[in-house]
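Going by the order they are written in, the chains are A, B and C; count residues from 1 in each one.
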């Protein structure tokens, strides 16, 4: 009995210790730091209670980062999930008649997922360059006035959202394609026999409900990526101009690693962590019940 | 009104592969037809051509004399029960059964949740549909299960839901794709009776697609035997069993595979069969005292009501004999003489076509 | 050949045997400093065989570099000396990481080439914490082709902002693509305009914000005027740095350290000309100095002594000459100016930049305390709002209040 117990400890021990040492302990430290004014590199810190949290929700800058992130997510999540589904349904329906064309398109749509985002950000920067960029060349050629894609306070967040959508559509498409292949063909036959004459009504009767679990997963993944938006902000706008593209994770980086306000950055981390946790729990509890048909 | 449904000279090709090769088959009013064939013979494609789920490459489809070759499945109003049942897993039993009526009677807007609260017309339609679902579920003993999801039902219950969904809307014909293959032996027998009963009660033309000859023989008014994309014989179960049109049909039909004696050997059993090969069902091949075909008993397998002998005849020809209720069974290795009643012999010419045996 | 190898290895052995002290050096921005650092280390070791220099892998930029130094000092693996941004050594000083240099400085600093203006770049509360190693100030890069196309003249080039704005408007009107003038909406550039008007961002004892003075409002108003009168667009710093060498931008207020890069970029397009930033006030003019400073981090007395040897070498005439010739920065030692005659003949555009440093170099004011870096971003954001059309007085007064609040000055 004791021998078995020791074996268990030996087997589980190293992983558990690593988990405690490298995950739980740092998270715990972050939670503690969030209530201090600790400065990165400083030798001491003061206990400040909830001041950091009050700053985040009370200051213009903190609120702006939060609302920017929410707006970004509100654009990126539905658009990239919707487009991903649309592209997947389209490619799935031509995959039997034009397999090569469909495969080529799949690869093209998936490219942004496989590419390094930082390198892609440079390309986007060139496309969106106000005078040398391709976008404004097209805009002018089509008779529109040129757009300050990344340097106008009122536009920059939407430009980043476009990139965010571009980046996640391919991944969502692949997930939806996998979901579509697992729908039995006989369900479509049944729907047709039952009187669902149009592709539209078959979509709502079969495709959409059968993709429920896939959609839930895609939503969670897309939401997590959208709320965590950082690389494009860091490489293309640095949160600017005038904090117009400041997002929560970039603010976290800015406060912690540019301003060295480790305590405040920890508070942002804690809030962000709890918000994502809450979101995931809500999604799982509320939506899960409606998509798995048991 | 119910009516006849017919394929006329229909061919279906997928690329260079011909799945269905110039067949004609009619379901007459009130008739129960079985389409029998081994897997891959084209019978499922034929069913889909009847249903309108595939379009024909050549030929016509007629419904009550009307040309419906180009009409979609729902326009043909044909009910189809799928082998996998194809129930909508996200809908309850009641919603599954109601779906064909909803799709036919309500528009897309009227189907939106809550529409019945806004429109009296929709409300009365919905009530009618609920009535029809209730009636159908009582008939098929599903009334206790209406709020369950398909995932919570047994295989037999799922099948009854599939039946209910197919029958709820007064179809012009009812096609069943291997309805019994997913059921255990006991449930199978019950379901056969149930399907027969439904056929008699409703009077729709039924087409049963099956690879199982006992399903076809026991349920159908007529059987169409399909092989390699062609219909090789159509007839009553008795005709198919007693006068198979080809050697292939003869060996396909029957619980025990028919013995085939090639022309040379056949003459040792019956002199007047010159040039023909002979088919004898194992039940008809018996041990005789004199004047028969000499054979050695290889194995004796006891099956309760019957005993199966595996024998080696002339030229190492393998033969089987099924003996019923006999106590004086030969031993393995024993030499015996085999004989058969002359009326039980089936003659086939060199092309495998049925041929009369001269008297 | 054999003999050469033998002597080389002998030399190595000799170096290794006599090297008693090893000094670890940190630097940032390898694209500018890589070659310079190697040449500095080689020249220093040749002159001081008893000290060997080990160069850490460089940090990507000064911000990254300070982060790394903070991390390493927490872990106890900080290098002995470090090159840091001139506006960033205060972050290290604030955490007690820099070692005062006063006891090492020679009695007669002027004679050693350390002018008071240059020393001021590394002083805080009367103590010398850093010594400048390279300096840059904001100059005006001009595309003479565009100036002449717009009817201006390089010989009669405007010396005040009004003239520049007028010229900018003329260049901007040339066609849709061409821009007249551009300046970054950034703390350092704002401090430069402020200094030109004789203003300061902070008072003497750093107890109050002073950029809401009339000099400050004039400087801030320039941002607004560049847009409304000069047609300045809202492109980003990087966009502008591509537009100017491409020939799409007439005049560009930028750091003098970019001279080499712009000259290479514009080669074949046009012959760029550097002009000094206009000076408006008569007294108290200063230009905040960008560039790098060197600090001592080790607290070991023996290593500190060796570190000082290295520092006095790189800030002395020989080291400064290497830095100027390989980076294009202005020197931080006055003695070296006499040695650079040949360099100036080949690089006439370096002269206005170096003169400007010599005459008006002043500290790049860093805002004190933990919010110091954060408020520079607030200032930049306010400048963006100015170019987007916000009212000058209101924006700057609000900004000053916000900054006072953040820095606990109320």
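Points worth noting:
Here, a contact is a pair of C-beta atoms (placed from the backbone, for glycine too) under 8 Å apart; a residue touches a chain by one contact, two chains touch by 3 or more.
Values in this document were obtained by computation on a predicted structure and should not be read as measured data.
Because contacts link the chains only in sequence, without closing, their graph is best described as a line.
If each chain is reduced to the average of its C-alpha atoms, the one that sits nearest the average of all protein C-alpha atoms is A.
Among the remaining chains, the Cα-based centre furthest from that of chain C is the centre of B.
Between the CA-based centres of chain A and chain C the separation comes to 38 Å, rounded to the whole angstrom.
Averaging Cα coordinates per chain places chain B and chain C 90 Å apart. For this pair, chain A with chain B, the centres built from the Cα atoms lie 54 Å apart.
Residues 184, 186-187, 189-190, 192-197, 200-201, 205-206, 209-210, 212, 293-294 of chain A touch chain B in their complex.
Listed in rising order, the residues of chain B touching chain A in the complex are 48, 51-53, 72-75, 78-80, 82-84, 86-91, 99-100, 103-104, 108, 149-152, 165. In the complex of the two chains, the chain A residues touching chain C come out as 37, 39-43, 125, 129-132, 140, 148, 150-153, 237, 240-243, 254-255, 257-261. Chain C makes touch with chain A in their complex at residues 63, 67, 70-71, 73-74, 91, 95-97, 176-177, 179, 185, 233-236, 238-239, 242-243, 246, 248, 370-371, 373-374, 377, 380-382, 384-385, 388.
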